[in-house]
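My questions all concern the structure below.
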Amino acid sequence: MNLLDQFFVIVAVALISIAMLRNIKVNSIVSTLWYVLMVVMLARMSSVAYNADTITSAFSIELLGFRMYWKFTALSWFFSIITVVSALASSLFMSGDWGKQYRQQGGNYGLLQLALILNVVSMLILLASGDLLSLFIGWEFVSWASFLMMVLMPSKTAKKAAVKYVIYAIVGAMALLAALAMVYASSGSLDFTQITDAFIQMTDNMKFGFVLLFFIGFAIKMGLLPFHLWQAVAYAETPGPGAAFLGAISSRMGLFTILVVIVQFIGLGNLEEMNIALPYLNMKSLLAWIAALTTIIPTYIALQQHDAKRLLAWHGVGQGGYMLLGIMMYDSIGSAGGLMHVLNHASYQAALFLTVVAVVYRTGTSDLNKLGGLVTQMPLTFLVMLIGIIGLAGLPPMNGFVSKWMVYRSLLVNGEPLLFVAAVLGTLGTILSVYKLIHNTFLGQLRVEHQQVREVPWSMMVPMLGLSVIVFITGFMPGLILPWIASIQETIGLPVVTYHLGGIEYAKGGLDMIWVSGILFYGFGVGALIFYFLGGKAKRIHQYDNYAGGHFLSSEVKYHYSNNFYPGLMHLIGNWYRGSFKWMENVIVSALSFVSKLFENMYRSRQPVMLLVLVAVVALFSIYKNYSGAGS
Amino acid sequence: MNHLILLVVLPLLSAFIIPVVAKHSLTISRLIGPVVLVFILALVVLSWNSVGSNGFAIFLGGFLPPVGIVFYIDHFSLMLSGLIAGMLLIVWPWNSYVAPRQYSLYMLLTAASFGLVLSADLFNLYVFYELLAVATYGLIARQKNPAAAVAALRYLFVSATGSAMLLLGIAIIYTLTGTLNIAHLATMTDQLHGLAGLSAFALIVIGAGVKAEMFLLNTWVPEVYSTIETPLAALLAGLISKLATVLIIRVLLMLFQQSEVLQMLLVVGVFGVISGEMVAWRAKDMLRMLSFSSIAQLGMIFIAFSIAGEVGLWIGLAMMLHHLLVKGGLFLLADKMQGSFDNLRGYAKRSAMAVAIFIIFILSLLGIPPFPGFWIKLMLILNLAEQNNTLYHYAIGFILLATVIEAAYLFKLVRYLFQDEEAATIVSTPKSLTFWYAQIFALVLLVSLAFISPISNRLKDMASQVANPDIYINTILPSHLSGGNP
Amino acid sequence: MMKKELKIKSNKTNQQKQKRTNPLANVFDDFIDFCQSKSLFMLHYCTGCGAIELPPAMTSRFDMERLGIQPMVTPRQADILLVTGYVSVKTLKRVILTYEQMQAPKYVIGICSCTVNGGMYWQSYATAKKLNEYMPVDVYIAGCMPRPEAVLEGLNRLKNNIKNDRKEQKGSAWKDYYKNYDYYLGNQQNLFGKEWQTPVDVIAEAKLYGLEGEGTYGENTKKLKMVQHPLLPQEMKL
Amino acid sequence: MLINISIEGLLYFGAISLSLIGLFGLLVSNNVFRMLLALVMFEAGANLILVLSGFRENGIAPIFLADYSGAIMNDPVPQALVLTAIVIGVGIQALALALILRVKKHYKSLDMRVIRSKLEHEIATQANVEPPGSHHAPKQIVRAGEHQ
Amino acid sequence: MSFVEIISELVLMPLIAFVVGLMMVLMMRKISARLQRRIGPPFFQPIYDIVKLYGKDTQVSHGLIHDIGIVMAVGGYIGAEILLPVPGMEGIADKGGIITLSYFLMIPSLGMALGVGQCANPNGSIGISRALTAMLAYDIPFIIVVFGAAWHYESTSLIGMIEYQQANAWGIIEMPFLAIAGLFALQGMLGKQPFEIYIAPAEIATGPMVEMSGKYMGGLFVMQTFQLYTAGVLYASLFLGGGESWLDLLPKAFLVVAIPMSIAFLFPRYKTEDLIRILWKWPVMLALIGLAFIL
């Protein structure tokens, strides 16, 4: 029993115990404790993350001539710790009053906890997979576990979204299966190492097919561009903390597999040699462009949303693009930025989702047009959301800035101006949309019906605050995370980044977050000095005492600007991307529908013996030929 | 071991006895069928071990082949016999209103099925096939639903034409070779090449394909399945179609191991898969959906058989068994969940167990790990990929596409089942017995999960036994290989 | 009793404000006064025809900016409220709200005769005749309408007043609104009815900044208390 | 080839033509009864072909032969087979006729088109779904000459 | 770098920026006055305004976030000043680069947006919505310019860029297209006509500033001085070779700020969508042409 085996035993026991426990309170406490224990176990395995070791589980299955085994590398460890910590936060969040309210509204709390642990287990199975078959099985487990989580929401849209997700997931799985078949056809085995061999032996056309099949499979999970339609709605329509968990890490499993299969075993260098059209467009740059477009389009779709959860979920799709973009730069800081963004995004995305859930818990709605002014009622939630949106927008001093900085720096070094602009466009859109989020929820006019709203209880507050502390600390001292990143880079064969506690060492312009944050806080300090020590005292006034062109405001006057927050922008670009992908999706469905109609009519044809007649005529002819042949 | 002949004789006998006995005692006539089936089941189980790896032949009336009538018995045919007996026991109509004549039809069907499985002679196959057809026409036409008569009539037209073509095919083979004993034919396969041989095979495949729900010959499927009782539909979809497939396999393996023939089968299979799934996607009621899905599954089985050698055979066998279990189970469930999808709104609240079983079945059908369906589909796809022919590679694409479509419609249905608002009208009347069987099927499916390796090994053994014409020939015509002239 | 105590307290604060012991502080206060006189943001409430004279005063011919006077658009930023013409009762409500929303030190200039005595509308039933009954007016610029020169002259007068604020007790008319709030409120109530109130809590403001005077409280404020829905600021709650 | 006409060739030609006529009838006729007749013809054709496979020109039935060796004899096996096939065929025809009677009783028509569209409607209404086909199609199809 | 040096830089930089910024504000107002044939404000007018605003007796606050918004707005710019290398004070500037600086420049917008949001005044929110949209518009050409400069100078550190220019030629000579595009973006960044829809006094009552009184408004005035200074010095460092001494740098910075001012008052105001359209069309095109030359 090495550490990994012990870890798996603990995970299995956790799964069983959570599935068996019927008592809600005990279940909550026990599940939270299990997650804590998992974190501890992962910490014990941290040599994997710091020294780029590999732990292989003693457990393996031999089936139908395939040997499946499981192992932990730095990459698996990194994703696992994110998974488990997100699950811990979600579990803690739902264990207290939120769970009570969920049950009162008719939700099945035990099932939600079970869905969460199932998600965690399936993700760990995937992350630990040691060959393509175990990877595929883990992959499917993850898909169905998240499906289980999604259908727990009782709304009609949720089920629709979940079913849509299933269809997308199946498409991805089938693409993956086809890629597996290609590997198997050329080598007769499904080991990871066979990918490389298989790839080398292939003709150029097959290489494209091969890479694209893998990529489609993974991209669907990650919600990369042509396949982004399912994710946001599905994640948004998941019960509270479940959405936080899924939004934080679930779709990143696609990135993990991209890292393992495409980066580690196919190799980005090989991708670079696959020319598509011009000398500028090769497979790697194609993927980079997909990533860049993924940052832009979902972000601007997010900008149009008026539901807080959907807005966040769309950003989750968009942020995935940064990760892939960074990795596709194939250098030390770009890939480090991309990898680090996984953790960063998970931390602030989970925090943001939890704040939205907290708001929903108190107000009953996440509709951005029906909220406002909650900052006085829920100041700590506001603080968490503020930290979260600063992280999401990638502004200093939060961790989102660090990873985005690295991606930008790498784009600069590699001379990719258009990708750079695309990435910035994504960031700017994010700033616009997160401001809309925080403005429409927490700022502006407080509605009459929300005047009795209070801060959420501590069971919900603690995970939120904990996550925001992570957001800040890893932003302030990225050097805490960078050793992990460096060993991942070593494991999967990328250039290794040079780091220190404050950030990156890089010739001609590195980053030292301790200094940057210091300067920023110094600036704020001076600003505060100017503000608080100069000038007289200010009178706190009520929101109705407000300039309205001489109008007398009262609670009847809706004096809050929230609907269609960016009319000018939308007027211009609103119809640029209006549903073009939805349209594509519909075209595919219509085409299928048309073909199926043809087939249906064929089955309804008046004379089903038509084919019989055809074959019989040929056969009779052959009899005649045969006879006459024999006769002559 | 000659007592295995009872497999055919006993049901046939009872089929004629039942109406006579019924005149004296209705109860006894009702009991005869199940007793016979149980007896046969026991017989099959008991003689399992005594059948060696080579199989053995029963020469009826002592006439030696190629002249006499020969039954060939190996593990494959024993397994099928067991399945037939078990399946019939499950769908056996226990209701008190069933007329004794229907029991004799069932027993006739049983006898024909055993004959089809055991027969080692092309013409005997034809006879039993026809007998099977007559029994099914009768069973369908005996349904209370008057629409069933129409469905039966239309089915009869297609099927009878098919049978006539089967006969034509047999005629061609006889013209070419002068014998109809399969083992004897297997020794002179080289005479079956060429256009005439190919057209003979085409005729046989098409003739049998009518019942095997092969593409383009399956237009009767939706009509029939939607008008008859679901247990009978389960029998037709689960068992009869497989028996017709067995006929095709026997002919294929013994006589037509030619790449053109295999590719023909592949193309037909691919069309079946795609068309079946596509139309099932449009279906708006349970039975229609299941029938078209069953067409697609049969297409998949044909694709599996189109892989040359024992690999294709064991995958095909596994798929057959899996489909038998899953689709049979689904049809049995459909007895509980009948009607249009609108009527099934919010069904999960009414019967969580039924929906859970339903989901297990469809997950396995789709090939989601770790269910058995996944391993079968995986093996199919990997082995298709290994073929040195692009046609097979395209087939992979079609199978995967079909799976996506399948997922789309199955989960559309799942969405209906889990919807909050319940349907205004509830049409289905739950029958507890079929539901129990469905549960047992699901349980068997889940238990088989633990025995994937042994099952697959057993199937491989069986396949290697079946796929080797030498064993077959050696058993039936022992003199042939030793140089003697039959 | 209560009233007396309050009076003493308010006197004390006034004295403190007026004479600081620290000479540097005095210089500092003077500097602020100087700056206040040099930088005036005005909100022109264009109620009547007088507004037409302001653009010439601002643009190239007379150029108000050289005097440090700029137009501003919200009461929060403005120092001067220019009421440019007759004030109907309905408008007056808005003018008062706007005035109360301005931040002290704030000044009111009534332009045109209408603000002085109703002007040509003195017979109208719907017009407030004297603006200084409702709010303290620093400067009136009479005329129908006054020329831009007159406007500038008025503004200059105001600037001088502000500069000499502490010395000559001019230009502090805005304090009068707090110190004699009862009086202004009474006039407002007479005009608008008993229910009259604005979202701005003048009394609380006076309390907070120590601007209460003898006339802050009275009969009218009591009446106000009866009908007022005080708008307390929303506190952050944990 | 056709010029050098043999009796066997003529027989084959006849049998094949019979099958083709049967198939053609199956294809074009809408009347159920005619379809059945066409089926019978097709089966007859098929049976003939099977019998012909054992036919030798100038051949003699084996029972008339004292010495089997070297003689041209008609193969008896197909004849036995065909007998069986004919019996089965007759059984099926009888069954079909019975079914046709039931259908006629129920649907008051023998036109396959009418029967089929009614059947589809019946299945659809039974399952409580829209009948397949065009949404604009009239629910009840009444053709010219059809008495309802 | 010694501790004393750091402290002095930290203290001096904002001060210098403030003083220079005041001059720039004055210059701006003078230019506008002269263009309109007015005399314009007296020399100390910017100081008068700020002192007056800070000296207000009463002022309103809508809550803590309202206050913090102003602090962030001013503080963000102070942070940005420190990251700007100026003659004699380059010690801390190399801790951040041009990317960090561009991000620092977004913080005041966000801070102000937060503060304005808390005011619960829709005029303010509309103003912020427009301001953020404008930011989206002008940052695209700006970021291309930044990319071009960083690529050309092979450094993301402003100090490195200045060194390169002083060793070789000024950026404006080597990259004229980018420089022009940068000026365009600068116009938007400073929020001057024709890109000042978000202030639109007569329509939305100065937008974000609608509820700002007293020291809140004063804070924004201070912020404006920093903004002008930052814009001037940043552009000078990117394209005009920075400065070897203050005498060298300041004229450049003033010149840079004077150009948008001189253009501003010749134009009316663009609608939001027209603003985006024009900023995404001409300067982006110019910048891309410029990039094509240097890549």
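All chains are identified by letter, namely A, B, C, D and E, in their written order; residue positions are counted from 1 within each chain.
Basically, a residue touches a chain if its C-beta (ideal position, glycine included) is under 8 Å from a C-beta of that chain, and two chains touch if they have at least 3 such contacts.
This one's a predicted model, so the numbers in the text were calculated from it and none came from an experiment.
The fewest steps needed to get from chain A to chain E, moving only between touching chains, is 1. Looking at B-D and A-C, the interface holding more C-beta pairs in contact is that of B-D. Nearest to the common centre of all protein CA atoms is the CA centroid of chain A.
Separating the CA-averaged centres of chain A and chain D is a span of 63 Å. Computed from the mean C-alpha positions, the centre of chain B lies at a distance of 79 Å from the centre of chain E. Averaged C-alpha coordinates give centres for chain C and chain E that are 36 Å from one another. Centres computed as Cα averages put chain C at a distance of 109 Å from chain D. Residues of chain C in contact with two or more other chains: 74, 76, 205, 209, 233-234, 236. Counting partner chains per residue, chain B shows two or more touched chains at residues 154, 157, 161, 165, 168, 171-172, 175, 222, 282.
Of all residues in chain E, those that touch two or more other chains are 55-60, 62-64, 205, 210-211, 214.
For chain E in complex with chain C, the touching residues are 29, 33, 36-42, 44-45, 47-49, 51-52, 55-60, 62-64, 201-202, 205-206, 209-214, 217. Within the complex formed with chain E, the chain A residues making contact are 372-373, 375-376, 379, 382, 386, 390, 393-396, 401, 405, 408-409, 412, 415, 417, 420-421, 424-425, 428-429, 431-432, 435, 438-439, 442-446, 508-509, 511-512, 515-516, 519-520, 522-528, 530-531, 534-536, 538-541, 543, 545-549, 559-562, 565-569, 571-573.
Those residues of chain B lying in contact with chain D across their complex are 123, 126-127, 130-131, 133-134, 137-138, 141, 146-147, 149-154, 156-157, 160-161, 163-165, 167-168, 170-172, 174-175, 178, 180, 222-223, 226-227, 282, 284-288, 338-343, 425, 427. Looking at the complex, you find that chain C touches chain A at residues 74-76, 93-95, 97-98, 101, 198-201, 204-205, 208-209, 231-238. Across the complex, chain B is touched by residues 62-64, 133, 136-137, 140-141, 144, 151, 154, 156, 159-160, 162-163, 166-167, 170-171, 174-175, 177-178, 180-182, 184-185, 188, 592-593, 595-597, 599-600, 602-605, 608-609, 611-612, 615-616, 618-620, 622-623, 625-627 of chain A.
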